[in-house]
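Both of the next two complexes hold chain A, though its partner changes from chain B to chain C.
After this line comes the complex of A and B, so read on.
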């Protein structure tokens, strides 16, 4: 997904946010609305109409417009827009303005993820971030060419303990053991902080800037030439926004891309897995980073011919239904239900994801009442990294 | 010394018009066409807008007039290999590809085609039907001489068969035919290399290639045409059922920064035509045209649209659909926001037709390189002064008309053709005085 354009030098008198996001080029064709996973479950919402509503709105009207918080910023509309309106980035800008005006939206899980991120941004929080290393029996270092950016998974393990997710202990450990097997000892950072993705897309620009600054300093101390993340949100944020807003010039890849390269280079040997599996494209990977092939290559290497695609897959795939730990409601459940029903239709018994949040959200829905929604409660959800690690020789 | 011969590249209706005009003025024309027959895209059309005239009925007499004209030397199955020199004095090499047929002996009787055992998809029908390895591209082809497709012929690829040779009573099969290079000296060049189709697989949201009942306008044109693969009976690809509810999706790959920024210019009109003709085939047929803006600038074009709406059950829905899926019966479902009542809707139809974007042909891009003519950002031949010299390319003495320089419909292409012929005549006459 393309982001905002560079700010226009000349003062045209037009709102810079509108200029940067091409909003005035809207042809009113409705393709965004037709593509939007939110509109599909919540008929009042429409990217096109939101543009109409907000273009001429007064600041206080933006603060009270609840629709601007319904958007998942998944970027599907931007990727299908025939005139390149960067709607997700427009929403990002609007949210910052709404917050300035005292706007408010519901945060899930008591807002704990935001509290943690703000605490990280503010003071010198002492974290026990690397506890998983000992349990996983893997080799890591403080410095190195390859940096594994671990993200918020260690916190998710605690918050979502009842869901028994494939969490930090397994995914991070598995990621490093894959790297170790390929002869790579990744650097990990004890002083890493949240990448700031949720703050950035929620309009909390100040918090994001502080988090980014801390991370950039820490990343530079490791001497890394390449950053690998297990979460597509971290990857897209560091790759695009740390570069544009913080001047960080280091190659950033998602773990699926990294493993794909290792496999292509013959660096890891696999035992072949059997059974039908399907893949949920994370929005930050498929839409923001436009990467749909790497995870599929990896699955094909582990389980040749075993991947069965959902009806909407790759570029057409929809988000898991909740972004930024905000606004999780019956509509989000509707989106998840649709994805899980599509997964069931494929005949697969395992849904592989490449994003901790997709995994948590699906696990949550599967732990609830499934039959009445036509969802198969026996579906299993697993992270791509674990799927590979389990099938390593 | 100025040569009064003219080279015309591409024998579509546009190239044919240039050739006839110049030939009638007394110039010697060398018309080079890469396929086995002259006629171009217009030969593939069933009808023309806005009069619903039979396309080939208008074109065929022109093809024959051109081919039989004493001043026109038509070279089919040939390509321009190189060109040197300047305005008034170009040296051209034309590569005549081997047809493996004695041109003078072949009577076009078709016995060889009947007996040939090799069937391949027919590109003239957009691969919907089949043809043989030795073939006449379409029934009205000019010249009426068969061609052997060396890529698929059993004898030429595997060394066995020769059934056509045994069948041909005229003894016209010549398997040892070689490529020939013809040298020409010409004073001016007119390029009319036309269009190709934008690959609809680049728009995964519309499911072309994945679902059988999602086809393109040109494919539908062949399904409507009496000489097409279904002999003019409209049958949808999945099960041969006659489609009675048809959705047309406009701007498929055009007016879109992700694909082709420009408006292809003819799709609104050919969609209206195909929708009207669907209803003419069966008056129970209803059409739904999904559009952003209907662009109908031309004589009787807007009236044509009104007529479609009033008399032919053509419904216009203002929306650019987001995606197309299919149900278990293979019926396509179009998902869209109706931008008038602002509701998200879906519509189940029997057949979806994508008004595919048209792009400068592969031949146009090749010729631009051979001739050293500039192209614009989309690959069209660049016209530096499009206001006052609308057919002059960046190279003096080389002219371009039709779709190779910009989206044009048939009348506009023909007008440009006559314009180019006039420019050539003026130039060659004035410089020879």
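After this line comes the complex of A and C, so read on.
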């Protein structure tokens, strides 16, 4: 996303949220609406109209405005904004205000992911989150230079059991086995808690602050100099917000960037794979972290010439359609359907993602009625880490 | 005996403005119902949230996908409110009168003022609770779900996070279960919540399932045991 340097906050009497996110500079040009993946499927949603609607709105009007919960906060609009309006950040602030005013939005899966995060934030829990290490037969340590931030995968295993996704043992186990092959023994934390990404972007700032506090202390105990995450959401949260709000000064990379570096250094030897594959850019990696090359380099190393791009790719790629376990509805299902149809058009039979949540969402759509929506039910969805590990010598 | 009553008197505040035209129509439709009982829990759809995944269609014969309007239609005459479809819904489009998320949240807030030791989760007509503790079965000291199959791990986690010492899930006897499918669902969900709590490092015994004869008792002891009294 643009806007790395924070704008000057002068005491002008203007709402600090508006000042911070440059919303007053909106030209009403409509480039955001033209690029917004939600507008494409949901009539009535438009970022620039939403800005107009909320700029002068009373707090209670913001609480009852449903549109602020429809935004995926993917950040695609900010990449095209000529005046650098940070719309996602603006929405984040609005949601916090809406919650204060008793705003309400339906959570998916009965709100279980939020309940887990709140339980982690509240209590001093002795979690059993390293069970996958034994099953995957890999070597990890308690302390080390490289830290693998495992994220919520261990809980998704339980929640999404019926979808038969690649779980913690596969994704995390493969990530560690790649590292082990390169001679790195990563540290993993038994007292890690959720990174707080979902809470931050849905406006539960109190919960996020508690989670961040716990994580920063745990990270400091490991003595790590580099954090590697399997989930782009964790990566972008720790990289940007832990630094801004918690003062954590450690290099953070997503696993695709890490593997890219390993491959460039010649530390892993690969067996070349065949077949056509396509890549789904996760919004937090492509838009928030502006990383589109690393995963492509990795795929090109595994399968030279096998990567075919979808119609919308790289910065233009649309999100998988659901963020924060909140906005899942017929429109986001439409976005996923569109994405999977694009994947089929390329002629690929494997969609590679770099985000566990994308994998879950696509698997969910593919397990439903595909024929009516024109989706090929034989498409396979696989995580980038698994793809590399399967083709490792 | 049947009587015509409005199933949904008014949309809950939290859902006001969320229920679109079609949903309101469905929710407000007058249907012939029995005056009390299971009717209090009739299910309705918020069309904005329906993702057409039809997971719910497999759980109940009273749900049909309407291809023209592209939403799920609940046969409110047939619906007894067991809540299986709601549990199967990943998006939260299916909601139930009296048990929508906001209401449960209000219940917990209400309970917090009283510093409860344990939250029994049972329905309005629970033979177990009302037989054993008539003052508590329908009182404010419990979260009412129609069926123990509607129990969710997130509810127990929320209760425990908000300061309760335990959760007692009270339900019908398995040999006398009104909803066949929910027997499996109850066991599944209790198993899931125990696994989840074990992984989270919370003592899984903090959630207790009681379904015994009234004469055998158990609810009162369970609450006392959990609250450490």
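In the analysis below, the second predicted complex is superposed on the first by the 384 of 393 C-alpha atoms of A that agree within 3 Å, B and C clash if a C-alpha of one lies under 4 Å from a C-alpha of the other, contacts with A are read in each partner's own complex, and residues count from 1 in each chain.
Just so we're on the same page, a residue touches a chain if its C-beta (ideal position, glycine included) is under 8 Å from a C-beta of that chain, and two chains touch if they have at least 3 such contacts.
Bear in mind the structure is a predicted one, so any value in this text is a computation, not a measurement.
In the superposition on chain A, A:311 contacts chain B only, with no contact to chain C. In the superposition on chain A, A:122 makes contact with chain C only, while chain B stays out of contact range. Of the two partner chains placed by the overlay, neither chain B nor chain C lies in contact with A:16. Using the contact criterion defined above for the overlaid structures, shared-chain residue A:33 touches chain B, although it does not reach chain C. Applying the stated contact rule after C-alpha superposition, one finds that A:106 touches chain C and leaves chain B untouched.
Touched residues of chain A, counted separately for chain B and chain C, are more numerous for C.
With both structures placed on the common chain, the touch criterion links A:369 to chain C but leaves chain B unconnected.
By the touch criterion defined above, A:377 reaches neither chain B nor chain C. Remark: chain A residues 27-35, 39-40, 43, 46, 48-49, 79-84, 311-312, 314-316 touch chain B in the complex.
Against chain C, in their complex, chain A makes its touches with residues 64, 66, 102, 104, 106-112, 114-116, 118-120, 122-123, 125-129, 131, 154-155, 158-159, 328-330, 332-333, 364, 368-369.
Chain C contributes residues 13-18, 46, 48-55, 70, 87, 90-93, 101-102, 152-155, 157-158, 160-161, 192, 195-196, 198-202 to its touches with chain A in the complex. Residues 204-205, 251, 255-258, 292, 318-323, 325, 335-339, 342-344 of chain B are the ones touching chain A in the complex.
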